[in-house]
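Listed below are the structures to be examined.
Both complexes below contain subunit A, partnered by subunit B and then by subunit C.
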Partner chain A sequence: MISFPPGLILIVAAVLLPLMRSKKAFNTWALLASVSTFVVVLLTYIGGDGIGDYTQSCEYALLPGLGDFHITLELMQLNAPTKIFATVFSLMAIVGVVYSFNQDRRIELPAALLYAGSAICVTYAGDLLTMFLFWELMAVGSAIVVWSGGQKDSARAGQRYVAVHLLGGAILMAGIVAYYVANGDLALPNSPLTVIADGSYHASAMVEYLTSNNIAAWLIMIGVLVNAGAPFLGAWLPDAYPEASVSGTVFLSAFTTKTAVFVLMMLFAGADVLVWVGLAMAIYGLIYALIENDMRRILAYAIINQLGFMVCAVGIGTPLTLCGASAHAFASVVYKALLLMAAGSVLYQTGKRKCTDLGGLYKTMPITMICTLIGGMTISAMPLTSSFTTKSLITSGAALEYELGHNPLYMYAWFVLMAASAGGALYAGIKFPWLVFFNKDSGLRPSDPPKNMTWSMIFLAALCVIFGFPGISELTLYTILPFAPMVPGHGAGAEPHLYSTWSASHVISQFALLAATGFVFFSFVKTLSRTVTITIDSDWIYRRLIPSYVWGGLLLPAVRWLGKGHEFLLGKVPGMIARGVQSDVIEERVNKSIELGGTTIRFSFHFRDNRRRDWAVGGVLLVITVMLFMYLLLNFNAI
Partner chain B sequence: MIDSIPALMVVLPLMAGVITVFTGKGDKPWAWATAITGIVFAMSIALLAEVTAHGPVTYNFGNWPSQYGIAYTIDAMNGFVLFVVSLIAAVTTYYSRLSVKDEIPNDRLHIFYALWLLTICGLLGITITGDTFNVYVLLEISSLTLYALIAMGYRRDRRALTASLRYVILGSVGASFLLLGIGYLMMITGTLNMVDMHDRLQVLIHNDEYSRTIMVAYAFLLVGLSLKLALFPLHMWLPNAYTYAPSAVTGLVAATATKVAVYMTIRFLFGIFGRDFSFGAVESSDVLLTCAGLGVLYTGIQAARQNNVKSVLAWSSLGQIGYIVIGFSLNNENGLTGSVVHILNHALIKGGMFLALGCVAYRLGGTRLTHLKGLGRKMPWTMAAFTAGGLGLIGFPLTGGFIGKWYIGLGALDAGNWLILVVIMLGSLLAVIYVFRVVYAIYFGEAEPDSVHATEAPASMVVCTWILIGMSLVCGLWSEWSVDLAANAAKAMLAGFGGAH
Partner chain C sequence: MDCTDPKTMKKMKWIFGILTIIFAILSLFISEKIAEHGHFFFTCCCPVDGAMGVEAECREVAIDGQWYFATVYSLLACCVLVVVSTKVFGPIFKREDTYYND
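Moving on, here comes the complex of A and B:
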């Protein structure tokens, strides 16, 4: 049996990777590491009895000397959703490595492997601390990936990225500490839901903490939502991802957000608040993707839009929707990477990022164009693509939950998700390919990208189609889902059966939806394609508001003003008092003014020597006296 | 020999300091000082081992009974501080050769090292002595020499003179407050010996006699000590003094002077007045916590505004002092342990960082932010040390700075004071800002024309820098021994006078 989390292979390999001098050895080593990780991931669950088969704990006195703070790190636990997440993560590591074969940045790939390895380790975590450690390691790896992007704004974007993730990590850590204080135990149960024999289930302890408004649960949730790209917390995503390199973005799109979904699923399955968050994300991602012009930013917002589905599904929290969330995570990692690879190929070949600068590339980049179309169809949940199954698991789960409990929340969820799904078709399925590959002729004549990039795209495109084929998902994906996706049978006494997407009504309604979307797009194609836009997102808060307005406009003046007040109180007042007492030393009368906010306050006082400020100790002496009196007065009646 | 180590700890540097004047020119004064501080460091280790193994050690000068003569008493608390001070003294002295030659007129090196040894002698003496008046005397020795050492930075920047003058005036005020406080206590207890003073004060407090006098003595002492340890808002002497002092002096002072003042405060509050009086009968906990808490935030913001990196670190020292004060003001074991262990860790971190800046000053002639731009490639070892130290200032886990904050945080939890946790968090966030502002310039800034040809500092300087920074990292990773020592010290102080009865 495998007794270590497979991600460690990648982490160790990443550390050794910079030692490989020649390009060939470098690539071979990276490929070897990622392939063996994939194999080991498969070995961890193939042949076992299933979930919770074995755990590998590692007794470790964390930071010896911190008192009785000895912690057992459960490095290796096969959690219910681990199988599918770890599989897709390790698969993406392989494809990402192949795609970046022709990159010549020596730091990016090691960082990306570290990042991928830690993401895999997060899925095998058996307690919150292990999860947190690898979570932070992911942040380190991904930040380096952003930093080595080589785009003109990479350094600054990386800086903001680090700041946001440090903050998110700190909040998460605070939550974990609070949880430890409240709970006394950091262990993670190996399944998001405790399923009881008759098919009913109850939610995790963390959700109970959430409903009782324990601060621990809220802090942890906020910390995780930062990584999930929730509205207001997640503006780092479209800020940083497009600034990474062509290959870096592919890695970035796969791990951080999907790990966040994994953690949300493990901790907060069935928390209603996540339904709202998820819906907000779906809508917010959609709107921004529609008005954005930079092709990779469009796709970055598309990630948020698609994440909305998963977060919402986690919030609904039935076995069926959790299956939907994991399966959709799998599908969306694949097609999002595919689309970003396609966009990356276009950028790599043309050096242009804005849709308005591109167009008419279909003739010279046919393979990229076809792959983009497949990716676009998949994101639109076109029948015969993988996400037709996976998205339907989510929407059907919402509908089913509404039928069972008549909670209107799930009805809203269903409506919004259907609308957002159609919207997804609008921006990524049609807008992106249309503006880049068709539309007007930009005059650019780039060829398809180098072989390794082309083949990675073809491979992912093939995955999108294969898993969409009727019957294939049931044989493959279904077996590694956290639960068996069962739906109750219709009519009295009917047995529950395995969920299937392929009903005539469903297929027809999906086509109708997509057709309507297509109609909308081509009616408004002029409006949509003319957008040379720079969208403002909540990252404005820390790009502009905090540095310029809060720091530069508010805090700094406040500090300066305080400094003036301080100077006045400590530098001038004592002198004034002194001179007031011994009035014979007055030599001059000077008017001084102080700016307070906008109003000028004028002081007129007697004044002897202007240069005393450098030497002034009078102020401090006054403070000393005040302190002494304070002690005496405070305690005058104490004894 | 082992019996007279307590006396030698002070007498040796005192005599050696005077002799230094006659050691001649060149490297001789430095070699002499290095030898002396090395011996003192070895003795402090022996003393600490002895105290840890067999409990407090008392040494009576001239075999006079402690009521009449001067007694030196070393327990877990001051044994630890002695170790910190002599460690920093030994490392900075060895480091100082090139840096001092560069910054001090070369015909005055013997004077410099004489003052240097006397400062160290004073600091060690304050820590080791068990006699309150002796504290005052040695405080004057260390302060007066220190004023002169700081003023010697005038060759690089003439503002060293005003900074030193300001320090002279405020330091003297602080010292005279201390003297007044000690005088009042002597008046009512009739003794200067700390143990006796503690015992008699407890009786007086218990019988409710002289309570006003005790309280006034307490107020004078606490304000004087707050001034000496640069507690906000009595901190104004510190930033300029640290900024304009010669590099090696800053390294020594920043790591030891305020730490010794903290030790004195802990000794007076817990060891002489007793915690029941200091934090029960009079309201100092809230005052100290408020001052320190506001100080952490205020100094953090100030540190983020400075353009001279030495100033950044000086302001940051004030913030770190704030944490230490918070720790012992919480009046519980975890908080006090945090304070004591932070004395060590902050001394290592800040000492190391100032030494790193000394390397920069040696190569580039200044420590402004613009000097450090792009130095990550030119002086990789020095800058790596600076960065590692910076992480410690933030309190990054796995660095020494984390351990103290962790225990102070635990202490705040024990005291049920959530606000303190918020202050620690905000303080760390400010530290992230001011550290990364510098680190960013180091690794991402474009080198200025003047620093294009800068190279790595001489090996002796880099090695000393890394000894301190490396130790701070080791103390972060394997903190058991330092925390055990600190916890022993904390227990001793909470129990009253170190169990020296």
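Moving on, here comes the complex of A and C:
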């Protein structure tokens, strides 16, 4: 029986790793820790009886001065979606470590392990406070990963990242406190839904409470959506991720946003507002990915686009869509890491990340190019790739809810998701590989990256394909989903059966969708041509609007004007008053002479009226007079 | 292979165009239920008991219609997305490369 959250192994390793002096020992211990974590994650659910097998309570007296105020931290609870999330997180820790082997990342790698370990611990949290503590620890680890990126803007991007996450964390904490005040308990149920044998289901009490409109729910949801990269809250993602190192971005892509999906699933399954937030994310990420020039920013927006599918699925909140969100989180962690590894390899080998500086790399980087194409095909949900199954679980779930008449608005959700799916194929499946590896030859002739980076990419590409084979997902992914993905049976009285994506019509129509996307891309290729530009996002508010316009254009001149007013009020006015009172004596020259043995020594003293002293005293008196007058005015009615 | 050659681009456009038509026709054949009922995904179907049991005929039509419709819809959606993002949002959100470095 495993009585501790497996992520703790990585957290302890992160603390000990800096003690390793040689690079070999450093890498070996990092790999050992991540492999051990993966094995322990598997042990927490293989052989167990199912969800909620293990609970480890640690009772701490917080604020002991308050007598009976105790909070129990449930560090280890096997929640319904934990299996799939913890498995893919620990897998990514291994692949990320291997990918970073050739780079001497003495600060980044321990921070990345701390980050990965905390993310895994969030998935095993049995109460809101434990979840929050590891959530914040995750922010610390990820901020250090961004800071140690070594890119031109890493330090500033890291500062902005920390500021946004501190704000998000504060909102989340406020929501948790409000929830505690209202309910007197922070325990998390181990599943957002209880599914009954006949296929019907009901939400947990906590989910029911949080999906109703109350202040705690809104604060918690906003706090989590900051990490999920929702529109207007998620500009930190394309701002910070591309500024991390080539290996750092791979770690970053896997944990923060997917942990947010996990928490949304645990707390807000079925919250209608998330359907629309998810759709907005899918379209917002898509539009920015289409007009962006920086290859790593394209992929950062691709993360938001794909998260839109998961958040929407959580909002629909049926067992089928929650399975879709979990399975798609698994698939997207893998293919997104693959694409970012490929982009990182290009950056590592060429030092360039803008599409305008790249092109024609297929000649000398064939393995990277093939891996990118596989990643692109997977994000496009091409048959025989993992995403074909996982994305279909979500879209079919939305369609089924419409068909069953539960919510007619889900028809629109299905329309938008299909458009976002086609768009995803457009920017990541075709545009990204086309601009980086094909298109106009940039004259660059880099080779494929070092072996550890190449093999990491090959491994992830293989996973994308293996999980896409008919039957493989059913044998593997389906067994670690939070619920069995069941759909109604055909015919009257037919039993519900496991969802299968492999129907002839689905396969052919998916190929038709991809072919149509290719046709549109090559028809509009001039419109999609590269420009040496950046795109402004909602981070413009705190990068340009507040510093340049609000502070520089409005507040600073106002402060200066007030300063001048202050100088006038405290400087000239009292002086003028003083001069009016003693205008006769402002300056005095005193001449003295002493006779010493026939010699006359002359002294000349020059006294100047200390106006500042007069002004200061006068100014203070003036201010006090004005304040007393204002006080009198303000309290006149009361008197 | 010169990927920027206009002839290559035209060839690619033809390849994908023909593929689109082939798959669209194929999906039409497969979606034979549509021919029988003349229904698309968004115009048909009715819930029976509100849970998992739904009339089989009704659901099959809906599912087939869904996949058939995807072919035409994806073409339109992609065109709209490209035009809207490049022609509408591009001019609004694109800035000089050194915008934040000023």
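Just so we're on the same page, the second predicted complex is superposed on the first by the 531 of 639 C-alpha atoms of A that agree within 3 Å, B and C clash if a C-alpha of one lies under 4 Å from a C-alpha of the other, contacts with A are read in each partner's own complex, and residues count from 1 in each chain.
FYI, a contact is a pair of C-beta atoms (placed from the backbone, for glycine too) under 8 Å apart; a residue touches a chain by one contact, two chains touch by 3 or more.
Source: prediction; values computed, not measured.
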Touching partner for A:627 - first (subunit B), second (subunit C), both, neither: first
Partner chain in contact with A:104 - subunit B first, subunit C second, else both or neither: neither
Touching partner for A:555 - first (subunit B), second (subunit C), both, neither: first
Which of subunit B and subunit C A:524 touches, first, second, both or neither: second
Subunit B versus subunit C as contact partner of A:287, first or second or both or neither: second
Contacts of A:166 with subunit B and subunit C, given as first, second, both or neither: first
Superposed model, subunit A: greater residue contact from subunit B or subunit C: C
Subunit B and subunit C footprints on subunit A, overlapping residues: none
Residues on subunit C engaged by subunit A in the complex (per definition of touch): 3-4, 9, 12-13, 15-17, 19-20, 22-24, 26-27, 30-31, 41-42, 45-47, 50-56, 58-60, 62-64, 66-68, 70-71, 73-75, 77-87, 89-90, 93-97, 99-100
Parts of subunit B lying in touch with subunit A, wherever the complex brings them together: 162, 165-166, 169-170, 173, 177, 208, 211-212, 214-216, 218-220, 222-223, 226-227, 233-234, 236-237, 281-284, 287, 301-302, 305, 334, 397-398, 402-403, 406-407, 410, 413, 425, 432, 440, 444, 476-484
Subunit A to subunit C touching residues, read off their complex: 198-200, 286-288, 290-291, 360, 399, 403-406, 411, 414-415, 418-419, 421-423, 426, 434, 438-440, 486, 488, 490-494, 496, 504-506, 508-513, 515-525, 527-528, 531-537, 543-544
For the subunit A and subunit B complex, residues of the former touching the latter: 63-67, 155, 159, 166, 170, 174, 181, 555-556, 559, 570, 614-615, 617, 619-621, 623-624, 627-628, 630-632, 634-635, 638-639
